[in-house]
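Same chain, two partners: subunit A is paired with subunit B first, then with subunit C.
Let's turn to the complex of A and B:
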């Protein structure tokens, strides 16, 4: 059996797991799940962090108001977590949550609406010395009312179409109001929430341990006795799984690592694959000539044959899906027939490249040499950079590919020391208000490194963000996407593929499009 | 002797002040903002307001001279500040990792001494015989094979043949000696081999030189057995450069196991150093550089004291 057949068999096993017959298998209780985390958490405070390295070990200690549930290959839904039900007013200015009763914190204190109020006040208006990394996403919240112990009402000053997604953000862990009263920094010291697992121990740089919370509010859950997260370097995941040290790594592995594991462990592993709400793009420095000229930017995006590149790249890297500024396959994605009309997405690459050469000539640009700044992280940034450099060569453009370590990379972007830079977008959900921030004017966006100013994009962005009706919002997001791609301040390269390899005994874990979500581990069990 | 010790320890102070000042300013010259790395490295669209708030919280909004003032005051009180990344005291961050690197360094040193001294002696005494050639091949191989590569080979070999890996995560030797040794013996061997190769070559060349000395010839002429000549007259003198090499390598290993710690997933000082540098964690880098400077100075002091023990002439001077 060759490796691709073995891989197909392993993937087949996954679909087997997802089949109704497999669903009928009753979850077993017990066992400790060992998993790898390929980075170390800078903090245990969900509100202060932006990294999965915190969420994977820490999130199972907490619950949120809402959460995402399901599998990316079937359907991901927004469901209540601590909220039993929720309601959005027609004007989009009021959100009412009916909360679960009989929910307990790990210290035995009962959960009430006061905990929701204290948590969100910490996010919206953090006290001095408290970092709230997503404060701006919640700035429309003007009041949080608690008419009774099990109702929380959020009042907004303007409608915010992303608000329900924000309430389901995995970073919005609900903290104990009582503990926060005693110490606003308690989550940084010892995680304590209403989640399925109780914090046991953390050995810095090594392991994070947790045990089952027997009074968790979902009856019968969690199934595991506990879990142990191992903080390791990415290159240790394959030998670690092979040697039986871990059962999983949930962020995502490369195709090569998947093949190595399937080859070595054969039917002792299952593979879950799907699209990832993470993309790699390339941004031009519009403050530098000739990148201030839209014709040059369009020429450079038109030179890249994304579709042909996707085939080999998807075999060696996480890069796989061709799409616009929204994830292909998501509810926001531009239909192919519309996307194909935009610069860089034409179906005839020879024609595109001829057009690109003409655009460069019209702009008076000859012998263009580009300083391309990239991260020195091999996967998938190196293949992305090399691919673009080789594609540009085909229209006579040379590029110097500089791969810098994180600190210098961000500094080069902030100081404008680049002609073009490889960037990435990674969010917890497909939401245009999150995914378009890089493309609105630099004076409005903290993460626009192109330096572009575009009043039309800003207007469309603000309009979509405040449009609650999904159909109307979609029209606006599509208009935004078309304009942004046409202006080509940035050019989307690829959306990533998420590949998660699990030991076959790990059951009940659902693949989400984001590696930030779906990690409370309440439904995970071990078939042993 | 006591005066010598006091003088050497007092010399520590200006050396450390120099190291601290140079490190403080050098790492801040390197471009980049640790807060941006911390908050945006995973792609989050964190606002400038949040970035500024975090800078303020960490004290990075202060002018450089004020930050330096805080650092000096802290240093005078034995406080190296908090990690910009985790917010934990730098000393605590180091203290967690130090035993791991120290243990591997000690084990590697023991392995190196056990291998290098006998092999070096054999090689020198039986110069240009098959024994010498074999030892030289072993030593040259040790120098040529990078420790991390040897480590990777060991891991792959164990995985392929035994489907076993050393446990990930360090357990104190006092808590669980078996688990501790399982986690540390392979890195110690992979590092110790290279270390032994250096020391073996040094042992051989130093002993060869001593064996050519007049007093050795005299001892032999008096009819003393070769073994006795080597043990009583040559070895002590030949050990001086070997002790120097072993001392320097030991000090280097405390912070220099960078790649080996990554290969074996050891949570040691080398890994911490790499992480701190990548993240631009100024306070932690400063603490680590100071710690390594102290170790080098102390190891040099021990080496100097050992010189005195091995050679009475040095003791007198």
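Let's turn to the complex of A and C:
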């Protein structure tokens, strides 16, 4: 096998990279971590779910092939989880993983390459009745070979630049081949993997309990005796933390909630803040007039002064960072000097709005009234809607802001009953193939809400997805981003800030840019 | 026999014999001072609703990030919210939402209830039994629950800036209440000789109900309509507070109390204090006026 890139991931070295807090103090063993989860898990099956509500309570029962490690404010890197090392062939068509030995499932059975094969076959080719939410991301996998018990080889039909990230997806929990053979649905019934914690009990609408797995493959870990997740309403988190019921909520809180907790608990809390791989955008219905006219869409994005709103909005909502279609600050982000040339990102807002009015006039649009469909979730959708309505008014555009409950909201999008709609993108990693999929042609992308068809974007998307060389890929992603922003089928509004408040006794937890990753809790300990 | 000469002015004139009827407005003011105070407040709110664009110093939806969470001062009489929007302007414009939804839903609910109640009382028998059992079922639901279900099922249907489904949702709980009241009034009116006379003259049921019964239940209708406006304003505020009524950035009192506003109760109490006062005062005013109207229109109460 030709291997141009070889990452020998010495496990000991990898786990030597710990958070600053962990460096400062030796981890203590014992204690139960209580944390809040602000939604109920719709399923326990990692492969089927798309929500943190499953991952936060369930992920600590499992391991993956790879995982993300580090802190978003320093460096996040791809490291081995069940894989000790891996090789990627030069042509990008073969990935070979050397697996850990002496890893056991919670039922005592040994982990082997067969478990990897069974897991990924369930993701790539799920049996009838099994839901694989990310099947499309793995469709290039054509074969999984297991030459020995501790080697797994993935063969692809075309190179896929996102494949390594997919192997580190927190949703790709490795299941037991033996259990899957008995029952493909076992993960939906009682979670059982090789992760640091063993499932104990789940009371619907109340709690999820787990205890430490003494035979976890990482020596000395986990530090906690167990954890208990509490399923609560979002507005219960602050009083729950103040009252000592919860030590943390890991998805993220609002700036106001952070201030309330810091105000009330003073030095008894620590706050971790950083950028979030989650954004709010507005999408136009290109099937409706006048939004089929690029001039109208450009005018509407040019009316919004994102920069002026960023700082004040970040004080009252999760909205904070101005950026394009890739997260600002990430390796894929369009440089500011390039971004500033695109519609909606100009530095002179007065000039931009004058131009917007001219564009509307040129398109023959007067007294434009927009039906803006939004979710009736306060944070951060309401501030986003209020902000845009106010900004559009400045070029004489009126908007009727409809905040609908979830079903009506998604129905309105599916049936095209909107002029513009507030949407969000939330992914587990900064990867253009994940972030761009909403913007390729509706015929190719089921998540394209605008109804747009753009062959040039499709071509650029396919090209970047198949380009392994990051430098070449970046050129293609930047070309995609420029084209998508210029066409303005959707207009990016803001990228979110992630604010996690922890009881000061919680140590060893790392802030990632995604709330989906970094949740196996293996390195978390309580200073008590 | 003495001659009796009659000269103009020597006999008692009717005007001297019958005491002069006092001006009804003055009588209302004198006998129902609280009701009159309520009326003044209602008129003030109506003026604010109609002339909002002249009274409000700022666009109620305009964001001003330079004035976020400003306490009450000479520029912003009642302070600003977290988006820098002027609270006074939002309250003034909010009167439009409150009164439009309150008056429309109360009128709609009471009118429909009066017609159904009159028909139920007039026809009696199976029709009455059937209508009254439906009314029993509707009355068994708490008002807010019934309105929430209707709003959730119907969604939104804006017409001239007013969500007509919200109006219908708020009106619905009033219908059974007004039906009961109209029915009981109709039962006594239906026994009156003039109703028998109308029947004898060959008038149809519809004409008797519309021309002879409904005009005679105007007094309870007016009283209930006024009283229900207060309830409707409160209900609209509650639904908006729960995220089921008016949506941002439309200025509405209940909405001003909901969502993130509660987060600022310590650092910017004016954000919830003044909209709360606006609701309280409006409900108080309509209740006072409604009670006084009842006392004033009811001859027994008047005596």
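Criterion: the second predicted complex is superposed on the first by the 505 of 528 C-alpha atoms of A that agree within 3 Å, B and C clash if a C-alpha of one lies under 4 Å from a C-alpha of the other, contacts with A are read in each partner's own complex, and residues count from 1 in each chain.
FYI, a residue touches a chain if its C-beta (ideal position, glycine included) is under 8 Å from a C-beta of that chain, and two chains touch if they have at least 3 such contacts.
Computed from a prediction, not measured in an experiment: that's the story for all the values here.
Enquirer: Superposed on subunit A, are subunit B and subunit C clashing or fitting side by side?
Expert: On the shared subunit A, the partners fit.
Enquirer: Quick check for you: in the superposed arrangement, does A:382 touch first (subunit B), second (subunit C), both or neither?
Expert: It touches subunit C, and subunit B stays clear.
Enquirer: In the overlaid three-chain picture, which partner chain does A:256 touch, first (subunit B) or second (subunit C), both, or neither?
Expert: Touch partner of A:256: subunit C, not subunit B.
Enquirer: Using the touch criterion from the header, give the chain among subunit B and subunit C with more contacted residues in subunit A.
Expert: So, of the two partners, B touches more residues of subunit A.
Enquirer: Is A:242 in contact with subunit B, with subunit C, with both, or with neither (first, second, both, neither)?
Expert: Only subunit B is touched by A:242; subunit C is not.
Enquirer: Pick one for A:443: touches subunit B only (first), subunit C only (second), both, or neither.
Expert: Touch status of A:443: no partner.
Enquirer: Is A:136 touching the first partner subunit B, the second partner subunit C, both, or neither of them?
Expert: First partner only.
Enquirer: Where does A:289 make contact in the superposed view: on subunit B (first), on subunit C (second), on both, or on neither?
Expert: Touch partners of A:289: none, neither subunit B nor subunit C.
Enquirer: Regarding the shared-chain residue A:405, is it in contact with subunit B (first), subunit C (second), both, or neither?
Expert: After superposition on chain A, A:405 lies in contact with both partners, subunit B and subunit C.
Enquirer: Quick check on the superposed pair: does A:390 touch subunit B, subunit C, both, or neither? Answer first, second, both or neither.
Expert: second
Enquirer: Which partner chains sit in contact with A:308 here, subunit B, subunit C, both or neither? Use first/second/both/neither.
Expert: Only subunit C; A:308 stays clear of subunit B.
Enquirer: Once both structures are aligned on chain A, how many angstrom separate the closest C-alpha atoms of subunit B and subunit C?
Expert: Between subunit B and subunit C, the shortest C-alpha distance works out to 7 Å.
Enquirer: On subunit A, which stretch or stretches are contacted by subunit B in one complex as well as by subunit C in the other?
Expert: Common interface on subunit A, subunit B vs subunit C: 405, 408.
Enquirer: Residues of subunit A touching subunit B in their complex?
Expert: Residues in contact with subunit B: 40, 42-43, 50-52, 129, 131-136, 188, 203-207, 230-233, 235-236, 239-240, 242-245, 278, 405-408, 410-412, 414-415, 424-427, 434, 437-438, 445-447.
Enquirer: Using the touch definition up top, name the residues of subunit A that touch subunit C in the complex.
Expert: 254, 256-257, 260, 308-309, 312, 315-316, 374, 376, 378-379, 382-383, 385-387, 389-391, 393, 400-405, 408
Enquirer: Contact residues on subunit B for subunit A in the complex?
Expert: Touch residues, subunit B against subunit A: 30-34, 36-51, 53-54, 57, 85-88, 93, 96-97, 155-156, 158-159, 163-165, 167-170, 262, 265, 267, 271-272, 275, 278-280.
Enquirer: Please output the residues of subunit C touching subunit A within their complex, sorted ascending.
Expert: 59, 61-63, 65, 68, 82-84, 152, 155-156, 158, 243, 247-250, 259-260, 263-264
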